[in-house]
Every structure is written in structure tokens, then in C-alpha cells.
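Some structures to go through are shown next.
The two complexes that follow have subunit A in common; it is paired with subunit B in the first and with subunit C in the second.
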Partner chain A sequence: MADGVNVEKGAEAAVRGDDPRAHVISEKPAPPKGEAKTGAAAQRVVDPDYLLLDAPRTKEFITGSEAAKEAIRRANVDIAIAYPITPQSETMQQVGYLYAEGYIKDYYRGEEEIGVMSAVAGASRAGVRTLTATAGPGLMRGIESIVSWPGGRLPSLLLVMCRVVNAPLAIQPDNVEISYLLNAGGIVLHGENQQDFYDYPLVGFMVGEKPEVTLPVAVAVDGFFVTHARGWVSMPAEDIKLPPRNCYHEAVPMMDNENPPIRIARDAPIQKSNFISYQMHASWQQEVWAAQERAKKWLDRWLGGLLEIVNPGAKTMIVASGAAVSQGREAVRQGTEQGLDVGLVKVKSLRPFPVDELKAALAHAEKIVVPEFNYVGWLAKEVKFVVDRAERVIDGPRVFGGMTMPTELILETITAFK
Partner chain B sequence: MERGKEPTYRVVPGPEGLLPPAATVMGVALPEEGEGLVEGRIVSETEALEQAAIAMLTRKNATLFPGPLMLWGWNEHTNQKADAFFEMAKEIPGVRIIPMPDYRPIYPKIDPEAVINPCHPNLTIWHNKIEACVFIGVHCHYANITLKMVRAGTNCYTIALCAEAGHEDAMASVPNFDIDKIDRFRDALIRVKKNGVKPLYEGKGIVPTGWAQISKLPGEALSKPEGELVQAGATPGFSHELESGLDDTAE
Partner chain C sequence: MSLKTIQAATGFKDYLPKEYQDLIDDGPFLQKRKVSELGSFKEALEEHPMCSGCAMTLFIRLCYVGFPSLEHTVLVGTAGCGRLAISQGAVPFVYGNYGDTNAVATGLKRGLEIRFKDQPKDVVVMAGDGGLADIGFHAVMHSWFRKEKFTTVMLDNEVYGNTGGQDSGMTQKGMVMKMAPTGKKFEKMDMLGLAKTAGVAYTARIAPTNPTRVANTIRKAVLIAREVGPTFIQAYTSCNIEYAIPTPKVMDDARAVEKDRYSFEEYFSDEAKAYWDESEKERKRLRKAKK
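What follows is the complex of A and B.
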């Protein structure tokens, strides 16, 4: 989703003389005479392709939290529910401003994360577009409910601003918490920078609400590096927004008490396993992971591929996600200056994991280096599992507990392993 | 799941075994508008409809399974769709209609002539010896989990006529199945018969089944035949030997 490409597409449309309003699906009624439409009231619903790919963009130098706010402004969100925790608090504070400005219909602070994530489940089951965000220990507290969302086929957006979760407790960057999300069944995207923290949430809503997908989407970023630092973010005008959630066209019936089949159901929509067959439970789980697979088509369309590849033919390939990608980019630049043959694969989507794409991108590589901001090396494990000749994968470098990752560390790793 | 790449996996009538994989994980892609799926391969919509028509006309005890989106007349569109559905059904001699009215578990016993339930769809298929069926108006999640279970333990040819993106786990499927496409399926049934496909059964179209439907016939009693109920989890003789499993309702 390079901004240059998008701007060019918009310019091409202008040259062709296309009607720029052709993308408009609907707009709010005109205000009473003499009153100009502003802010939320002035927003028009547009086709997702237009908002995500084609609309002309301008750049702003903003923090990741502000970038997420601008995404939510254009996301046509019905309800946002969260409980504050560093480094997520600032983002949800920004989202609170959107509620005050009329961009979000409802917004409240839950009592704690189990309550928040349960409320998100209820809101999503009721058919509305739902947003929440958390970080570190908050994710751990809410995860009992979070892992139930995919099986419930509950589309929603979970922003995860990663931080330390283990003792000694700290608020510093560390993304081990993502490993807990990888087996939950939902879609997991990992943003590199402020631009991704603008783009991925919008894509997440649209992909998760596709009828054949109908899954929650988590957009994770590395706390502070992305949330609190500024970067250039390319965005379309704020007077357009995504179409609303169409809950009558999803994989399960939403909780509409006026319409069947819920109207006629006495029982909970999902039963405990002792009231359904083991085979149904097994088939149900298969279907959740199959839905992830179906998401690839839409992620490919709106993220411009599940991977980004720099120097595709290089002998040494760095594979990274999140903030480690930025460090990888700089390592590629410095390494090339030093005469190293090094390239980079950015993994945008962790679930669904781009198995075939990664195999193809790394087929030629002699060495594969996986820098990570956590101790356990969850991405290295994923990469080793899917590539042929896994001995090519060098475990690291890794930093954790709030440390930064000097690019020299990546270059030393590349040169140390022959 | 990659379009244009021919998957080696085939979605064909079972019994496939205890736990067949989800077809999409095996590389089967969903069709686009104007296309259909037949046994895991993308074909034209016309071909998919004709293959589905041939299966419904020539296999034993063909049955239509309408789900909540078809059954409950909760808006005008649903009523219109139901009218088109009956017109289509009349073109399949001997067809039965067994509804999936909702997705709640039906335990401990089910009347397999009156209803199909996503918790144990195989009971209805085994009991009625159904070898071809159409799922229509079933929410995609429940259709997919049902289709895999049917493939696991029965030899039924499954057809999913889906109002959304279609179903990889059915042997034949067409996406965006609106009223026009129901009419096109009716036309496909008429066309293949005209082109020489001889229906397995002759005579009237829809055959009443189950106590609720039969009770509406002149001279029939209105009682629910308790003796006909099938124990959920029971294993008919011709099913897969591993299907019976444990008694889920045991304390």
C-alpha cells in the first residue's frame, strides 16, 4: 500500500475524468438550510477499494496512537470498549475524542479486561462494528474471552500495543504476547510502523467481516516504538469512511431478537461440548482455521500481499515482523554498503501465516536471519517450521525486556554464521 | 488456497474417514461470480449447476435441506426465494424436503425424517439413505461444519447453493445464489433431462417426509411417531465404523 502508488492511481482517475463520486455508496442527509456539514456529519460512505487503495492521500507526521485514531475515524465504528493500560491508554484516549466528536456511536471503559473482552463478544454478536485495544498484562487477563471470539465467529478489531508481560513486570517493549494470540484462531497482523497502524485496522475490519471469513482481527504493534514515536503517515481525506458492518451477510446469525433463527432459540448460540458431538466440535475448529485461509485473498488485495520483499535474490535474507522490520531495513542498507548480499522479508500477516509465499521467497537463500523483540523466538519457530532445509534459519538476534535492537546486532549475526 | 493452481485434493462423496480436512486448507479456492465448484475444481457456473442437477436426478433419495435463511419468511425477499425454491424442487422427481430450521442441538433423540441438525447431520442422511442433497439458506459456518461431517461418514453427494461466497467442502457449489440463480438451477434440471439424463424416480416432484409433512396429508394422523426417533450418536450398520463415538450425554 505504498502511498506513491495510491496517489498515482487517484491522479490517473482524475486524468481519465472518472467521476470521483462514483465510489460513494451513500451519504448522510443534507443538513437544514444554512448549516454546513462538518466533522462526522460530513463523512460519506465509500467503497472499501476506494478508501483502502485508490483515494488520494496526504502525509502527516504523527504518532502511532494518532495514526490509529485516524484509521478509526474512517472505520465507521459503532462501539469502542476498553480498559486502560500502558502503552495502549493513549490510543484509546484518542479514540475517546472521536466519540466526543461523533465519529463513534458508543464508547465506554470496562471494569477490567475480562469484562471488556466479554462485552466485545456481546457487541459483535449483536451485529455492530466493535473496537477494543489492550497491551501486555491486559491481553493476558482478557485472553480467556479473546480465544472464544473466533469459534463464535465474532468479527471485531483488537489493537495490541505489545509490552513486557512477565516478571519482573515492566511497561517496556517486548512482543512475546503475540505468541499467545497465534493459536487463538483469529487473524493476527503485525504492523511495522505508524503507517501500518493506520492501514491495518481498516483492512482488518473489512477482511474480518467478509462472510466467508467472519473472524476477529488483532492488529499488533510494538509498544512505544510505534505508539509513542512519530512517523510519516499517508492518509486519505477524513470526510470518507468504510461502509457499515453488514451483519446479515456473515457466517453465523447475529443476535437479532426480532428475526430467526435467534428469535426462536431458547438456548445459547453456542453449546458446551457435552451437548454437541465431538465430531461437530472438531469440524467447528477446522472451519475457524479454514476461514483464516479464506482471508488470504482479501489481505492480499488490501495489504498488497502478505509479504514485502526487499532485494529478493539476496543470499542472506532477514525475515521479520513488526518493529524488527524497520531494524532489518536499516541492516539491509548498511550491509549493502559493506558489500553484504542481504535482503529482507517483511511478514505482515502472522495468522493466516503466509506459508507458500514464505517458502517461495526463501527458496534460494543460503542464510535466513530472524531478528525479534522477544526471548522465545516465536517467529523463528514459525519460519523453521515452514521452510525447506530449516538449518538455514539462524535463531535471532533477539532482544527483550525493553531493549532496543541495534542494526549492528543483525549485521554481526549475519557475518558470524558462515 | 490459490486460484489457478490445481489442487490434488478432491472433494468427493465419502465416507472419507473420521476427520476429513477442510478443503480450503488442502488448496481448494472459492469460486468467483459466474463460476462454480465441482469436486474442488473451479468450473463455469453452468457446468456446476448441470453437475448438481445430474446428481440430484440420478442418485438415490435426493433431498433438499433448506436452512433458516430459506425457511423463515422474515422479509419479502425470503418469501420470493421460497417460491422459486418450490418451483425448482418440482423438477426433481421423488425429491424430499427435510428442513434445518435452526442450529440448536437436538438431543437425545432426533426425528431424522422430519429434520436435519448440524450436530449430527449424518443421522438424517443415514436413516433416509440419502445419496444427493442440496443445502440452501444455511448460514455458512454451519453449512461448512455440516458438509465436512457428511463427507466424513456418508456417501452423500453434497451441493451447497450459497447466498454468499460458496463452499469448498461441498461436492458442487455456486456462490451468490439469489432468486435468479435458483431459477437457473431449475432450468439446468429441465435442460439435462431434455438432453437425455433419465431421472432415477418418476412421477410427482416433492415426496412428503416426516411426521410433520405427512400429517398434513388427507387421512393421516397428527401424532409424532416416537418409535421412529433415532438416538443421537447411534450408528446404523452401513456407517463408518468409528462414527458412534462415546455417549456425550452420559453423566
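What follows is the complex of A and C.
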């Protein structure tokens, strides 16, 4: 993502002016005499556009967990709440080191995921920038709380390192858990690789905290393939960070008792059956999904589009998200060598789902192939629902429970279906 | 919240609802109110949908009088009868998911400590026996073990009242309830003992028979939580519906249960005791100086 976007946005930066320090919002106060400014103390707050798009970057060969750590280092996080689960543990341990180094103000290991996700809800209500991460069964355990965040309008970042959730229990990669997040109401981004696992969390904080959005954001990646493998990640210097959360510029009041007293709870218990509760429920839900739509322009700006399209106009289009995108890219390369007319659509944002963009990108395609790392094919269902002439969609190939996806499998699927 | 914030801007007051004007002019915010003044000022909790004669409601009203700084208090609750009243009070109330109170309060308190360094914000969990001893048990225990600095108040009516009379862990052994058709098989859970084991700084067992004591106990628990560590109040707040207590007899029942098995009992950790004795001395000194 980074390369393509930087070229375009670099031009924008040039238009904005010549002041080389225009992006700086605030500097850390000078340390006592004789002490050097290092680490967290040396970070300055910069304009999100600068950090996300314009700042010069250098490349490092690191794991996905390390990429997430580097994102969090620059994210100005107030509190991170951790609980161990494979393959997520390493990331939240790395975040713990950031806390020890002074980059995060508070950090603790919670009792289990219901406790962690509930504490995230509490911290977000207090108005601080909140981070947690989980994987597979942990997501399932915490999901009662997670699905209540969007209605509560609780911005926070949830990193999801996908693994098997269904029996037989395993720790292998499999992303069926994302399907449970799709109807929760929060924003869901699905990263392809280590680079995305650096970029998306930072974008997630900024988008979720926009006044017109005010929603939690989940950034999912396929466990192990991304978290434990190394890849090239281009990042700006570590002496810059995002502006802090500005909680009084969000859609709902904070639970800090800084507002005049009223006898109406923000978190209304509306369990009784009457027209007021129906109306209230409807308006909350409508607002959540409308806020998703309003998030699109920011995702578009900072992700460089909700979709990435390779070989637009090809007769066969592969549609994929997450690690399946990488396999799709390679299939496009190999397929082209073999004389196939094949292209790729990478879906970066699953919620909001890029309905119009996807329709347009696939309008011409004769065949649409949707490779996935799960048994149920949730992305294929989404795509079928969106495109005209859904019979063009071949829902597969699919691997699950830890299998890898050979590119041959994708190419065979393309050629097998006439 | 600064007490200035709640007062209307010049010329604007007449346009505020009468109820709000009363809260400011004659309420509990700008003047510290005593239990003995109840009935003569605008309370933080007045209108509510609780059953007639509900002891829990009386207890909650007394809590609002006892909170040491109403304008910096945030309440956290969960499903159950109590939240029907608490959500009507003039203090922010977090109504989360089932049994999540002490985890939510953990995040909330830590978040508020990050944002308000020089202004203590009191977080108080107020939930039922089912919410705290059954479904929320793990979060309660872990918040205590972690020494989270907020108060947990159990509104113990010894039954799932809101769902229609099922036994909770806090129900007395042998009681026939809707999910204990042949009588509850095990003893009432010893939450006070568990609190001590977990290192809670201050615990109290109380029935609402002495209103001033209720308010003082709440105040003590909140102040100790602010400075020392977690505090826990287990309050007998009978359900006159599910236990078929005639409305005029609710306080008789409270007195009888108090005498039988719910006597007032306090426990201080050494640290809490030292803090409380010192702060009492300081208050006495200030009172003397005022005179």
C-alpha cells in the first residue's frame, strides 16, 4: 500500500506549503538540562496526514507483531489491556515493552477476554485512547462486549490475529472469526501483510475517533502468516506520533461527570417493550451504520482507496482480503505468464463494505473467483450479495484449519470453471 | 465537573426545566446534604419505576446522600432491579453488559486517572447479588486482587428479582425459588470473606435500618477506595415482591434479618485503618478550627 499512496499524497503535501515543519502540532517539553531527549520523550505530535501519508519512510524486514508494535509506538495510546492467546500474545507483549519504555500511559493483563473487552469499554467511556488485541477463541469469548461497543459509540482499536475457532480446536490460521465481526457495527479492516499491520492500526485510531464516525475499529490479519513471518515494512521515523484522542469532539458525552447533571443515562436501559424503546433502538442502530458510511471518506484518504485493483478490466477477477490477497497477486503473475487474462481486487475494508466500488470494479468481469482462508466463505457471500449476475462468482477455492493456499489452487479454480 | 458548570449562565436559568433549577438551587450539589434533611431538598434520585416499599430504593437514595463528591462520581451497574433506579439519578451511570461491572469500572477508573490527574473521580459499582456474585464474579474477584481503586456495592436482595424470582449464589440455603424447586442446595456465598482474602481495603455488611449509618458507610468506602484500594459494601436490600414481605413490614423485615444474620460489621485493612484514623483526625481538627 505504502509505495503507491506515498507518490500520490507526496504531491498533495507539496501543494500544502513550503514550511517543512507545518505538520508539527506539538513538541515534548525539553528534558532537564544535561539529559538527552530519547525514546518516548523525543516524540512530537504531528498532523495525521503527515504521519500516515507524507512522512519519509525507511524499510525494515520485521514480523507482523513487530510491525503492529511500531504502529502502536507512534499511535499515542493511553491504555493497552492485554490477555495472552496464541498468536496474539507476542504483539501485546511487545506493546508491554512500549509501556515500560514510556510510550503508553497504562497497561495491564486482564483476567480473560470478557474482562478485557469490558475494561476496554470502560476506558473508552473515560475518553482515553484504548488498545487491545485478541485471537480466535478469545474473540468469541469477548464478543458479547465487542458487539456492544458500536452502539455505545466507543472508539478503540482491536487487533485480531485470526486462528481456528471451531472444533477441533487448533491454533492454526483460519479467519472464520471475521464473519462474526461483520454484523457487530464496528469498522473492520483486513490486512494483507506486515505493511498493512503497520498502517491499518494507525488509520484505525484516526478514523474511529472522527466526530462523525465515533466507532471502534478492528484490524484483522491472518495469524502466523502475518504475525510470525517477516516482511518488508516501510515506516516513518519513530520520533513522531499521532495527536491524542480528543474525546470532547465525538458523538457522545464522556462518562467523566464533566457535563451538567441530567436524569437521562447515556447508556440507557431500554429493555421494556414500548414504542420509546423501539424507536431508541432503531435510531442507535441507524446511527451506527450511517457512521460506517461516513467513515468511508477517511478510509479512502488514508488507505489510498477501499480497494486496490490489479489488472483492471481482466476477464477473470480474483476478489480477496487478508493473506489470500498475497496468494491472489502471485496467481495473477503466474496466470498472466500462462496467458490467462486475470486481475485482482484487494478488499481492504470489510466494514464499511465498498459496495459501489466493488460493483464498478467487477461490472465487466466474466468470472469472479474468491479465494478464502475459512470453510464457510463469508467473503464470497458478501461479494455475491453485492454484484449483478451473482452466478459469475465462483466461491472458492477455500482452505482452512491451518492449510496454506497454493497459487495452483487458484489457477485451477479459474480454469476449471467455464 | 466543576460546580460552576452546573449553574445556568446569566439569563438562561428561566429556560431550564423546573426540575433542573431545583437540582441546582435546592439540590445536593452546591450544598452538602445530610440524611436528616431527606424530604426537604431535591434529591439526586427521586422519580423511579421501583416497586412500592422497595428497600433497595431506600438504600440507593441514601447512597446518593453519602457520596463524598456527587459532582465527580460515576456509577457502573448491570442488569437487575437496581439499575432501573440508578439510571434515573442525576449522576452519570454506565449500563454495560451482563456481569461486566468490575471490568468496566477498572477501565473507566484507570482512564479517568490518566485524564484527571489532580481531580479524584470516584467510580462506584452498584449492582445486585446475581450481577456480582454469579455472572460478574470473576471480574469482581480480579478487580479486588488487582487492587483497583473503586468501590463495589452489592444490593443483596438474595434473589434474581428483575427476572422473576430465581435463586442466586447469595440466596439462603434451603430457600425454594424458581430455579431451586426443591430448595437451594448450597450456603449463601461468603463474599465478605472472599473480599478479605482478595485484599480488599475496607468491607462492610449493612442493612438499611439506620439511614445515617448507610450514608456514612458509603462515604467511608468511597474515600478509602480513592486513597487506599478496593472497598466492598454488602447491603441487605430485601425484595418484598419475591419474598412476599407486606409493604408496611419491609423495615420490620430489615430489622429482623439484621438481628438474625445481617448485623453491621466493618473490616479495615491495616493500611485503610491508618488512613481513615488519620483523615478523621484531620477532619476533627478542621471542624475545630472552623469554630
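Please note the rule applied: the second predicted complex is superposed on the first by the 385 of 418 C-alpha atoms of A that agree within 3 Å, B and C clash if a C-alpha of one lies under 4 Å from a C-alpha of the other, contacts with A are read in each partner's own complex, and residues count from 1 in each chain.
The rule is simple: a residue touches a chain if its C-beta (ideal position, glycine included) is under 8 Å from a C-beta of that chain, and two chains touch if they have at least 3 such contacts.
Source: prediction; values computed, not measured.
Judged by the touch definition given at the top, the superposed model places A:D106 against subunit C, while subunit B stays out of reach. By the touch criterion defined above, A:Q279 reaches subunit B but does not reach subunit C.
Of the two partner chains placed by superposition, only subunit C is touched by A:V120; subunit B is not. Shared contact residues on subunit A (touching subunit B in one structure, subunit C in the other): 259-261, 265-267, 269, 271. Of all the residues in subunit C, the ones that touch subunit A in their complex are 1, 5-6, 19-20, 23, 29, 44, 47, 71-74, 76, 79, 83-84, 87-98, 100, 103-116, 121, 138-139, 142, 146. Those residues of subunit B that touch subunit A in the shared complex are 1-2, 19, 21-25, 29-30, 68, 71-72, 74, 101-105, 107, 118-120, 139-142, 144-146, 148-149, 152, 163-166, 168, 232-233, 243, 245-246, 248-249.
Interface residues of subunit A facing subunit C in the complex, by the touch rule stated above, are 78-79, 81, 105-106, 108, 110-112, 114-116, 118-128, 130, 144-145, 148, 255-263, 265-269, 271. Within the complex formed with subunit B, the subunit A residues making contact are 153, 210-212, 214, 249-253, 259-261, 264-267, 269, 271, 273-280, 282-284, 286-287, 289-290, 293-294, 296-297, 356.
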